[in-house]
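You will see two complexes here that share chain A, one where it goes with chain B and one where it goes with chain C.
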Partner chain A sequence: METVTTQDITVNDLDFIIHYNPDICIMCGSCVAQCSFNAIEVAPQVRKHEPTQEGAKQGHKKKILFVIRQKTDLAHACVGCGMCVKVCPNQALSIEANPESRKNLLARTQGVIKRGGRASSYSLRTLDKIMVGRISQMTDPALDSERHTFDLRAPLGRILKAQDLPLKVDGQSLSLEKNCPPVRWIYPLLFSDMSIGAISTRAWEAIALACAYLNEECHLPVRMCSGEGGMPLKLLKSEQLKYMLLQIGSGHFGWNRIIKSLPLMRTDPAGIIIKIGQGAKPGDGGLLPKKKVAPHIQAIRGVPETALHSPPTHQGLYSIEESVQKMHLSLNAAFGFRVPVVIKCAASLTSVAVYNNLLRDPYHISGGFFLDGLQGGTGAACEISLEHTGHPIVSKLRDCYLTSVAQGLQGQIPLWVGGGVGLTGQAAADCFKLICLGANGVFVGKILLQLLGCVGDEHGRCNQCNTGKCPTGICTQDPRLIKRLDIDRGAEAIVNYVLTFDSELKKLLAPIGNSSLPVGRSDALITSDYAVAQKLGIAYAC
Partner chain B sequence: MCRIGAIKSTTPFSPKIALELMLPQQEGHDNSGFALVMQDLAGAFVHYKDKPLLSMACTDKGIQLVNAYMEQHGFVQLAQWVPDVCKNQNLNIRAMPRYVFRTYDLPEIYQYRSQAAREDFLLDSRLELRELLSVDNNGYVYSFWPDVLTLKEIGDPYDIATYFHLWDDDSRLLAKNIVVQCRQNTNYDIVRYAAHPFFIQGYTLCANGENTFFTKNMELQKSLHRGYIGFESDSQTFLYSLHYVLHELKWPINYFKHVITPLLPEEAQERPDAKVLALIRKSLANLEINGPNTIIAMLPDSTLVSVCDAKKLRPVVIGRDKNLVAISSEVCGLNAILPHRNLSEDIYTTERELITINNALEVKRWKQ
Partner chain C sequence: MFYLNSFENQKRMSTQDLLLRIAEQVAQGETQFTIAAQGQHDLGGPLWNKDGTKLQFWISNPGQRVGAMALSNTEIVVQGSAPADVGWLNAGGEITVLGDCGDTAGHSAAEGKIYIAGRAGTRSGSLMKKDPTADDPELWIYKSTGSFSFEFMLGGKAVICGMDVDQRQSVLGDRPCIGMVGGTVYVRGKIPELTPEVCVKALNADDESFLRQGLPQFLAKINQISALDELSKFSLWQKIVPNQSYTPVTRRSLQDFRLESWISGGIFQDVFPDKFASNGLVARGIYRLRVPIWRNNLGAAPKEKDKRVNSCRDCRICAVNCPEAAISREVQNEQVVYTSNAELCIGCGICVGVCPEGIWVLEDNFELKSMDG
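Up next is the complex of A and B:
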């Protein structure tokens, strides 16, 4: 019997198998040259030779061909990104996901696996079990989504109870006696926090460009969060700062530059987000691998070339009360109490407690509660965190909303939720259902990258955001890869998607007869899952 | 579908006029009931205008429970009107055994308390009576307020009027204001409390339409005031919003319109009170209405109010002559009671209007 070195790794052990057709390959080398993961190579291959008469005389029974071969070591395993397929002029390559892969196990013999992307818990999506079931039929008229005027705005900022508003009756009018906390009135879709560093300058610019275009040309007040790490000085000093929420993460990266820029700012930012946690990896801090800390990132963040770890928590904050009194207050004060300061947490069994504390805070100083669910994306996380920590967003949102209802405090601290919004491509449906369950708005990140060309998915494709080798030029700082991303085309895709989102949102509002956002209108939803109906307090239908 | 109406006159009139306003609109409602609230009474209660009048329908046991309660709490009965009912078996009415319309003197201690304290006491008493009678379905308390009488019943409005002899004007049941509605049905159960007009502390309201933001309205209102209960009908929330804005917040009535149908942000920005409007919209977002609704309300001073949803999906029309103004879902109702009015003076309340009619029959159109 032939001996076999059974412990060797072959393509059958990997997540993706590349099929190669040498008959149509012209050996141009493009596929090998473009592969940022170095997963394929040109290699000699011995073939059986059918000799010519002359060759037979010389005894040649074999020949050597050069072929494209998939590497089999784990460090160079194909991630399925498909760029080789895209670049091949003759479609000589194809990629197949391997259901028998052993990579998940074998890779752990080489240390903790880190990756980007989302958790692979697609089947857990509750939103797909919910339908908009309360359709206006005779009792009241459905609206015409093309004809009626819709008012799709959501608050960002601390809202006071009506009886606490500083209003004075002045004849037949009311007048304001003193200032109230700042509240922005914005589009219910917010571009989530992805830093310059986690994503490339081009990707960030494309998203920022789309955001500005949507505001200035399409009149949709979409806002974007900077992510932790600051932003270019030019933008901090520009009018477009008003479209931006500045994030302060636990590493406080970029804030030296932001604070120094305060006197130079022509306008106030849309808001400040204090990032406590992230749905994709709750309890974990941010991580920007050294490979992605390029010179321009070092400049923006004011750091040397090194891996940048944001701690799991803001050092010096040990309780929610401290968070409110120290961090919220100081950030409010820094911007003259003109800018809403909001907080972003990973959804957790403790979210209701956090929300209650913010709602009951006597200073009325928290302008929003951002909840990030377990299906949120990340640029870099340990896979064990991605796959095994976190909390689904839907029930947690509902818990928070209902706890505010029970106290008559609903709407006072706007609830914004994210984490898998648009995972199926239909962000408008997700947004609508979440709003009916009590959200004021939603934030999205991953789908923006996907619109820019990211091919990562929940089935293990690519998700190499942490390696600095992103083949689409989105999550990398490698100048050669970055150039693959066409900024204008990317921004255009995002703008067009948001315009479709807007139309689709109206298409869902119109049948339930509403022209403004149905925040908390849980009576519009049904589900055929009895447990979901019970948990969320919506109608069970079958 | 509900059909609603209201009549205000300089001279007291009988419910017969209200019936004449509503019956031509029968094709628009389902003839399932009849309900009215009368205010600024004449007739049997003309000498007791400052005394709280209890309006309820109940069982014999219910009467005993109420009598015991009122005695225990120091109320002294002054006058009552017992309707002379027609027991004809062919009438389509699901009558209760007893109907009570009584005025009371407040317990003596309340003679020395503030108006607000007296109002709260009357509300609390009504809520307790309601709770008391809800056990074993012993009855329904509709209003307990000075100079206000409420009558509601299930059945055909024509037959209900016959049952209570409302067609025969015996001058005992008269008022200068009547708010009326001809449907006892909700879209779901038939519940007496679900029939408009609704009443709380001098505020009366009925509405035509479907409140698509009912859940939002209700969830907030439950925490705003102890009197905001029931919610048997999705239109009750409009009454509570009206009461909250005017009675609790004490804002001018124009702001009721701003609360229930806020301006678009770009429109509001142009207003001198833009900051106030923005604050109100955000703080009372849960009281917005966003479906098809027309509202007719009556305030404690008997001012009538007409207001529509922001898309004017439910119509309402106001007609008048020298001595009488009427609001009606359909113009055919006006034609029945005001056949000789000047049609060109009819007002079709628009989506951005709030119309008030005072006791001098002055009609004010306020543009939002």
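Up next is the complex of A and C:
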């Protein structure tokens, strides 16, 4: 028998333990064949043999059985994705999260841990402590969510006060004296930035397809942000470009192709988004491991085959003022001041200062402030940043909104928020509450992947988005894995979810008597947490 | 005739006192009432004469819900305008308002007739009903209604004559007939955009005969008989009815949408062509994650029956255990060769696990560079 020492890593040191029942296993091999993490294998197992009377032979007390066995080295540790359980015809396998796991500690003996997904250490959600407490019954006229019509549109772009609009009377009609800042009224749920590269071509296309479908078949003006990995050329040259917000991140990936496509564009994009930071890992730049920089990613991003790091911040920007003036100006100019340009930052203690600066923007070139909270997802980050940096979104949104109210400037620079929206599956409730607290709209990313089939969660399941081994074909560039993703079924799930979201949002709007978005209607909210009530300025109830 | 001024000696009678006084008179057999009201509610219903004689009311300055729950054999004439809820839950009364009406006129009326000489407010005619055992309720309006009119209408007939309305303006306000599932709204004048649950149709012979019979009576009640000729031009009328053929819009399947309306060939066609076929978790051939390789460690393939250590024993255990029967055994030049057929093999590694000599190994499949080869 092999010697086992205390320092050897065994199954009980790992995050997930596989339970296996050899009695019902038919050795079909499916579980082992499909495990993209190579975490299980077929191995001989020595068993005690009870010989029958006749067959009894001296010295033959053992027999060998072939079984499915979990690997125990850290490099092949099971990540709990559950694909083996899905595929087993006899339900001979099950997985259990191991509360006594030592992997978190042991893996750090091999260097900094990188992973994707969401933070798991910050599981408190202020949103879940808030209820919609003001239900019109005798006071204001309530609406019927199914039969009344609603106007669910949120602005993207700089909104001028009526008296500042450059209008002049021209005989019987009004005309513009000079260029007016562009504003797009879009659906308050935005598909947010997941780059081509971080996610597979198919996953990205599934989201773009769902977006177009929602516009053209369901008449919901949903928009999608490209992420910082550039844009497919064919999309840049198509009519569907109008559904897209193009993102420029600190790595400036893909912009060469975007700029060269300018003369070929048939229509303007919906907006431009300057990404300064990401809520899941503020201060940690973008990261695309070499494994995922496949030839097509090299082509789209305009890079050689190497690991791609976006610097933690834009290198040409040294102050808030400069980022407003330089970045906003250049991108406004590139699209002829016809396309709203917005900025996205990770929520932080300093967000209000940034927002104040935008509010003062004298050139009317800042079209929105996107705030990303710490429960957002990411394709790859150092776990230490993921778990220990960031700022919750709710109070930060509230601070920003109230600072604009105090100056009488609310609504002029639309506030969009995200980071954990839909974490409980109920994005409509999150969206409604955030809008009541002052948001104009919300953006979602992770739940779109989950709708495509991603099994990652905030309790540590899977989250291997950085490894290129994504078992669902979403966060990988490996054709063998991408092939697992059914683009139509994936897009359909997103479409159906958004349609449900739409109905559910109306279910919350109707009882408070709003047929348009209740931006800032914090009087509709209550909380039984006194501290939350105090901080957000909403009613305390118990 | 019972005459009552509800404002005497600088004192206004409460609604309760007034209604009780009227009820008392009705119980004593009085059938005709002239009431100078001061905004008291619910005048005119539900009241009945014990001998079945008709009750008649002439009311000025009523409060809300005049004629509410009025029973048949009740006739009410309001001199001038009336506030909200005229004829609410009308159960058979005939109510004439010689001015404008506030919001929700005719709300939930199930029988009887309501005649309005002017405009009716928001949500007028909402939830009008039809009792299958009785005549349809009717709501006649000389001018127009406010927005959200005829919401959730279930039955009955409404007539909006559109007189004295600016031609550019809707005679039904905004968003009328939402959730309307029954009844008919006859309109003369501009109709705003309607929900797809209802549709606009031209009048048929029955409609025309309904109007031809009803209009003179209505116009006589509101003293506008001179408008009869104008209103009898039936080509200027339309009717709104529930759209029987309305089915909630069916959407194309995602696949049809992709094939018919999405960017042809997919957006990555130039750099990463994809035909969008998908595989199950367990895949074969080039899509396997790992592939088994049979190698003879000693560099020489075994001769049949020549069993050597670290060389294939020719025990056939791999071939027997392969779940896909992918392993074939051949004898070539007196030597045994085992091969796994890529088209059958799923890359499970059972052959690797069962081989007593470690001759089979599992290797990562070559990196596919494109989706289909």
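Keep in mind that, in the parts below, the second predicted complex is superposed on the first by the 521 of 542 C-alpha atoms of A that agree within 3 Å, B and C clash if a C-alpha of one lies under 4 Å from a C-alpha of the other, contacts with A are read in each partner's own complex, and residues count from 1 in each chain.
Keep this in mind: contacts are C-beta pairs under 8 Å (C-beta built on N, C-alpha and C of every residue); 3 or more make two chains touch, one makes a residue touch a chain.
No experiment lies behind these values; they were computed from the predicted model shown.
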For the three-chain model obtained by superposing on chain A, do chain B and chain C clash or fit? clash
Superposition-derived comparison: chain B or chain C, residues of chain A touched: C
By the touch definition at the top of the document, which applies to A:353: first (chain B), second (chain C), both, or neither? neither
Looking at A:165, would you say it contacts chain B, chain C, both, or neither? Reply first, second, both or neither. first
First (chain B), second (chain C), both or neither touched by A:149: both
So, does A:541 touch the first partner chain B, the second partner chain C, both, or neither? neither
Just chain B (first), just chain C (second), both, or neither: which does A:218 touch? second
Return first, second, both or neither, reflecting whether A:300 touches chain B, chain C, both chains, or no partner chain. second
Who does A:135 touch here: chain B (first), chain C (second), both, or neither? neither
Partner chain(s) touched by A:183 [first = chain B, second = chain C, both, neither]: first
Stretch of chain C, among 27-35, 45-53 or 99-107, that runs into chain B once the two complexes are superposed: 99-107
Footprint intersection on chain A (chain B / chain C) at 148-149
Chain A touches which residues of chain C in the complex? 151-152, 175, 178-179, 195, 251-255, 257-258, 261-263, 265-272, 274, 276-283, 286-290, 321, 323-324, 346-350, 352-354, 365, 367-372
Which residues of chain B touch chain A in their complex? 187, 209-210, 212-216, 219-220, 222-224, 244, 248-252, 254-255, 264-265, 273, 275-276, 278-280, 282-286, 288, 290-292, 310-311, 313
Per the touch rule above, chain A residues touching chain C in the complex are 27-30, 32-36, 38, 41-44, 66, 83, 86-87, 144, 147-149, 201-202, 205, 208-210, 212-213, 216-218, 232-235, 238, 240, 294-296, 299-300, 471, 478-480, 482-489, 491-492, 495
Provide the residue numbers of chain A that touch chain B in the complex, in ascending order. 136, 139-141, 143, 148-149, 151, 153, 155, 159-163, 165, 167, 169, 171-176, 180, 183, 185, 405-408, 410-411, 512-516, 518-523
